[in-house]
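Below, each structure is written out as structure tokens.
Each of the next two complexes has subunit A plus one other chain: subunit B in the first, subunit C in the second.
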Partner chain A sequence: MQKYLLRRLIVSLPALFGVSVIVFVVMRVLPGDPLVAMFGAEGFTRLGESDRARIMADLGLSDPLPVQYLRWMKDIATGGLGKSFFRGDKVSELILHRGPLSAEIGVLSVIISWIVGLPVGIVSASRPNSFADNVARSLSVLFLAIPGFWLGMLIVLASLFWFHYKSPLLVVYLWEDPWTNLQLVIGPAVVLGLGQGAYIARMTRSCLLEVIREDYVRTAQAKGLAEGLVVIRHALPNALLPVITVSGILMGFVLGGSVAVEQAFGVPGLGAALVTAVVERDIIVVQNLVLLYGVIFMVINILVDLSYAWLDPRLRFQ
Partner chain B sequence: MNRRAFLGRLGIAGGGAALASHLSRSRGIARTHEGTFELRAPESNPKRGGTLRYGVVSSPAHFDIHQSGTVANLGAQGPMYDNLIRRDPRDGQTIIPDLAYKWEISADRRTYTFHLRKGVTFHDGAELTADDVKATFARIIWPPKGVVIPRTPLFSAVSEVNVLNPYKIEFRLSEPRPSKFILGAIASGWNVIVRKKTLEENDYNLRQVVNYPGTGPFRHVSRKKDEVWILEKNPHYWNKGLPYLDRIEVYHFLPFSPELGAALLAGKLDYARVLDTVTVKRARQTAGMSSATYYQSVIDAVWVNDQKKPFGDSRVRRAMHLVLDRYVLQDVVKDMAPYLVGGFVYPFSQSATLAEELAKRPGYQRDSTAATQEARRLMTDAGYAGGLRNVDFVVREGPSWKLWAVAIQAMLKEALNIETKLRTVQISAFFEETQAGNFDLSIGAVVSTLIDPSDYFNAWYGKDGPQNYSKWHNPVFQKVVHQIDRELDDAKRNALVRQAEAILEQDPPLLPVAWEQLSDGWYTYVKGHNPRNIFGIYDVVRWDTAWLDK
Partner chain C sequence: MGSDSDPGHSPSTLREIGVFARRNPVSAAGGVVGLLIILVAIAAPLIAPNDPLKADFKRLRTPPGSQNYFGTDQIGRDTLSRVIYGARSSIFVAFSAVLLGTTLGSLWGLASGYLGGRFDLFGQRLMEILQSFPDLILAMAISMAIGTGMQAVIVAIAITRIPFGGRVIRSVVLTVKELPYVEASRSTGASHLRIMALHVSPQCLAPYLVLATTHLGVAIVIEAALGFLGVGIPPPTPTWGNMLADSLTSLVPHWWLVFFPGLAITVTVLAFNLVGDGIRDTLDPRVYAGVLRSMTAPRRGGRSTPVGPAPLQIPSAS
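Here is the complex of A and B:
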């Protein structure tokens, strides 16, 4: 297993290198000037050519691209990840401050997606084309179709106008005040979880329908086992592998989706930080966050692969 | 507040210098032993204590107020600093004493002498002296290398700043300027007084200094980036009895954002600045809440690239100017923000053409038939009777500009057969593109510091004006502006403004779309403030007279 893990990590390196090069180049090729955010629109228009050149040099943006790239790699190696153009904040501090919220939202949304998706999928597959199945399938399609940020805004507005409620304004960590923290993360987690849950439900249904037709399931039914036991004990474990794969991929969507959903709920997580950084053209922050998202996505995929062997003993790490 | 009332207040502002010495007799100002006066809340029974939860954009890209151009700085930092003189927070207009308790203007209007209060201390305990004031204004007027201060051009006539004694300082002008312009520039909310020592220790650049000492009514406690900035009462504040509040928590919210409105309506904020119209309506309908809409120092406009054919032709620019139906444009965005119809001069200012007069002028009439006919004739005379194709129309990212761009695209096509291609760009790319001249038409907004035409005529329409994105130049206009800058007589100056406006109408440097207004909302227990009469959100930012009635 260790060899397998090592091999996967080594294989991931070129992909990460590719991500880093793409984001690095794109951020420097796209039009836009960070000095607008730094000086404000009025201040920017009053900057002379020499001022601009000097400030860009101070920011390290006048150096040749390979030099800038190597400097970034050095920042990563030292763990500081560089500093934001604005206010001089360390990117590593930004990630440490906001990352826990986004991580909580991600984990909670996966849990919610399984809690919602699996039962719905099982009910659908157990009674295909029944009323319950039709309702479950309709709801799945509905949540697949609804954009997360829109649903988020509806929830925010509904809770405001019906219950006069707005989530806390400040970042509170789980270990500081679990209840307040839950109020912060539950909204985005539910929205993202319902979207993912729809995928999980559909995948669970189709996988279970396939597995239910297998001989060993028929054997279990012939032995006289209860319907529920047949599904839970015999069919479901074998139907779960593709569902787990989908969950891994969906985590990527959670990372992407959280950017808009955090904005909709006003949660100051990494997604919101990324939006601000893109608007401000804070190149250092954007490139580090995108790379971080890439790393997380790859780690999740490796974990998903590792979980296969745990769930299916027939598979070995080759 | 209507335009007439606003003008009335402005008139008071114009006479601020003369009135200041008499203001001590008016309600809310207490005369003290040195002949200075101090502020009080406008109400007779202000209560002390409490925390004001204030929502405003307050996550600045840097912390140097002088170098800033956004409320992201003043929103949170404003209450920590004082000015030499200031706009009265109770009417938003009148210029009143601040760190200077009185001032004199020489008969030739070339020397302004300010007398500083004694015993004023910075938050670090050091006493304020004229050296600090000199260091502050010297940096604003003559910024050192690498420091860019948007207000510098306001002081182009100042030739010397001299310390006469530790409590007396004079500004000498190379040539006279209208005193209301000079006093307005000094009273601008941006021009806060900082310590000479602070500037020296930081190489005259405070961009990355989060907490530098001021003399203001509140002082820094803590800051959570992009979340909240906490300020506490300055117990040693020179204005005895102020502030009334113990503490201010400034929460960061983007302007017009639903989150800001939601936080106010849910009671998590006491006061919110720059609200969306939905929240404003809701606040007006809710018992115990209030709101106000006030003029902002911003014009939204379409710049026409004077350097590109055929837009260098004044007939083409005027034709486009004439076919914009400004009432429709105002209506298009009415659900997002309240805008005003206007021309090239702040429509609510003393210098403006009266609204009823403006409405008779082509380009501002409700019935646009005559204006369209004239526009078509101009295009024919210019040789473009068939219209124009492939006009590059750069649109600054933002809901209002995107909606306007589509409406203007349709108006130009329908009236003049001008076909435009919209190109929406982020704010960071917008200024890069417009400054580089990479556009035919470009829609966005620009801000001015003062309502005085000497400020924005130069900055927006002047030959080398930093916001003259069209790169427009009209020598006759330039000459008139030169006269406006120097004319001391109000009536003559207004006549010159009319003359300049007539030039701008015939040879437009830009196509005015609308003039901004902003809205605040609050719970009625927040007292001692009056945003209704302010001009822009940059001058009255201190919260020293605010109090909580609960």
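Here is the complex of A and C:
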């Protein structure tokens, strides 16, 4: 197991390097001058040639690219991650400030997706093509098509119209004020959770149907076990492995989707910070946040693989 | 699924579509709706009751009524006309991006799988790196880097589609290139290019079609999300995404400005997803089994070389 983990980590190092290089290169091919973004087109023309050079040097953008890349790596190693063009805030502080909210939304949405998706999938699979199965499948097809951010906007609108309720716009942590914090994160978590839940339900259904056809399940049925027990105790554990993988793949959906969904709910999480930075063309912030999203996604993939090895003994002893 | 004995070409195609529709009535319904939406997009100037860009300051934010069926927005533009014109941008961007991304990815997969060796290894790593980013985040960063505008959005979405095409086609090519008929043509001295173009690529056509249709819905959602986040096609061009973004500018959003553009996205995505599901089930019955197999084979040491075709239906960003 430890060997597996070690090998997995070693192999992801080059990928991590590649990811950081790609982020860096993409951020440096920007056609617009970052100064235009900072001062506006008018302000830019008013700056003298020497001012422009000085500001670019101050920002560290006039050095050769390899030097800039190495400096970025040094910033990451020291934990500061560089500073925002506009506010002079350290990016690491921004992440520490906004990150917990987004992390909470992500974790909560995964929990919700399992709570919703798993039972629906089980019910679907135990009576295929029944009325309940058809309803569940139609709903999951529908939820796969509804864009999360739109659903979020509708929820915000509905709660405003019918309950005159608007969620707070502050950054409130779980450990400070759990009740306000819950109001902040529950909306995005439910929206993202339902989206993932649709995939989980679909996957659970198709995997269970596959497993239920196997001989050992027939044996369990033949010895007179209650149908529910056969499904839950015998079939489900084997059907769950692919579902776990799907749940891991869906984390990409959560990470990307949370950006738009946070925007829809007006939640000041990491996604909202990324959107602001992209709109302001704040290169340093964007490159760090995009890298962060990439790294989180990679870590989740490793965790999924590990959970696999942990759940499937055949892999552990290979 | 060919009716080879039929001499006439178009009647047999029609009959095949008829058979498809009878077997997959839901997909066929999706196809009809999808075609209608494409028609609306093409004929937008004929159908739209008003000019989508013309502001009418006497009719600001009027709710849906007999004069404006979907109401008007902040500066009095007709929402119905904007939704109809929005179909143009969405459909055009989604089709171009999927065509571009899937084609590039497939060509890459073809070369990578056929040639193997160092080229394949390098290509695989690069695809893994591209897939280390959540779709929406990658698309945001790229579209920010190469500037907003329709081409930028198309390129950004296309790049996120490349790895999917690459991996699926590569795995198909890996099996096809070992088949006896390919070996036979090699023994007659055919060049690699000739074998790839004439003997291997026809086998990739079905998975290519499946890929292209299943990714259309995802592309539409990403396009809308980019517009919603302010990095899509810039205003005043109406797109469903930037209409939703516009609706957030007023303190109390008006329901018709939120509801109709989002409904258009949902219906379109639903229609294309249904068609995609039907085409996948018809052309590639192995896919479900293949998805399971490739998932139950975890990434050993991080290198995922799926046995069967890689999962086709992928979670979208929203």
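One rule holds for everything that comes next: the second predicted complex is superposed on the first by the 305 of 318 C-alpha atoms of A that agree within 3 Å, B and C clash if a C-alpha of one lies under 4 Å from a C-alpha of the other, contacts with A are read in each partner's own complex, and residues count from 1 in each chain.
As a working rule, a contact is a pair of C-beta atoms (placed from the backbone, for glycine too) under 8 Å apart; a residue touches a chain by one contact, two chains touch by 3 or more.
Keep in mind the model is a prediction, meaning the values are calculated, not measured.
In the superposition on chain A, contact of A:Pro268 is made with subunit B only, not with subunit C.
When the two complexes are overlaid on their common chain A, residue A:Tyr216 makes contact with neither subunit B nor subunit C. With both structures placed on the common chain, the touch criterion links A:Glu280 to subunit B but leaves subunit C unconnected. In the superposition on chain A, A:Leu47 contacts subunit B only, with no contact to subunit C.
Between subunit B and subunit C, the partner in contact with more residues of subunit A is C.
Of the two partner chains, subunit C is the only one that A:Leu241 touches; subunit B does not reach it. Looking at the shared chain after the overlay, A:Leu250 reaches subunit C, while subunit B stays out of its contact range. Of the two partner chains, subunit C is the only one touched by A:Ile22; subunit B is not.
When the two complexes are overlaid on their common chain A, residue A:Met153 makes contact with subunit B and with subunit C alike.
Shared interface residues of subunit A (contacting subunit B in one complex, subunit C in the other): 30-32, 153, 156-157, 160, 279, 281.
Looking at the complex, you find that subunit C touches subunit A at residues 125-126, 128-130, 132-138, 140-142, 144-147, 217, 221, 224-225, 228-231, 244, 247-248, 252-253, 255, 258-259, 262, 265-266, 269-270, 273-274, 288, 291-292, 295-296, 298-299, 301-303, 311, 314-318.
Touching subunit A in their complex are the following residues of subunit B: 59-63, 67-70, 146, 148-150, 152-153, 208, 210, 224-228, 251, 253, 257-259, 262-263, 265-268, 425-433, 435, 446-447, 466-467. Interface residues of subunit A, counted against subunit C in their complex, comprise 4, 7-8, 11-12, 14-15, 18-19, 22-23, 26-27, 29-32, 141-142, 144-150, 153-154, 156-157, 160-161, 195-196, 199, 206-207, 210, 241-242, 245-246, 249-250, 252-253, 255-257, 259-261, 263-264, 274-275, 278-279, 281, 286, 290, 293-294, 297-298, 301-302, 305, 308-309, 315.
Those residues of subunit A whose C-beta lies close enough to touch subunit B in the complex are 30-34, 36-47, 51, 54-55, 85-89, 97, 153, 156-157, 160, 164-166, 169-171, 266, 268, 272-273, 276, 279-281.
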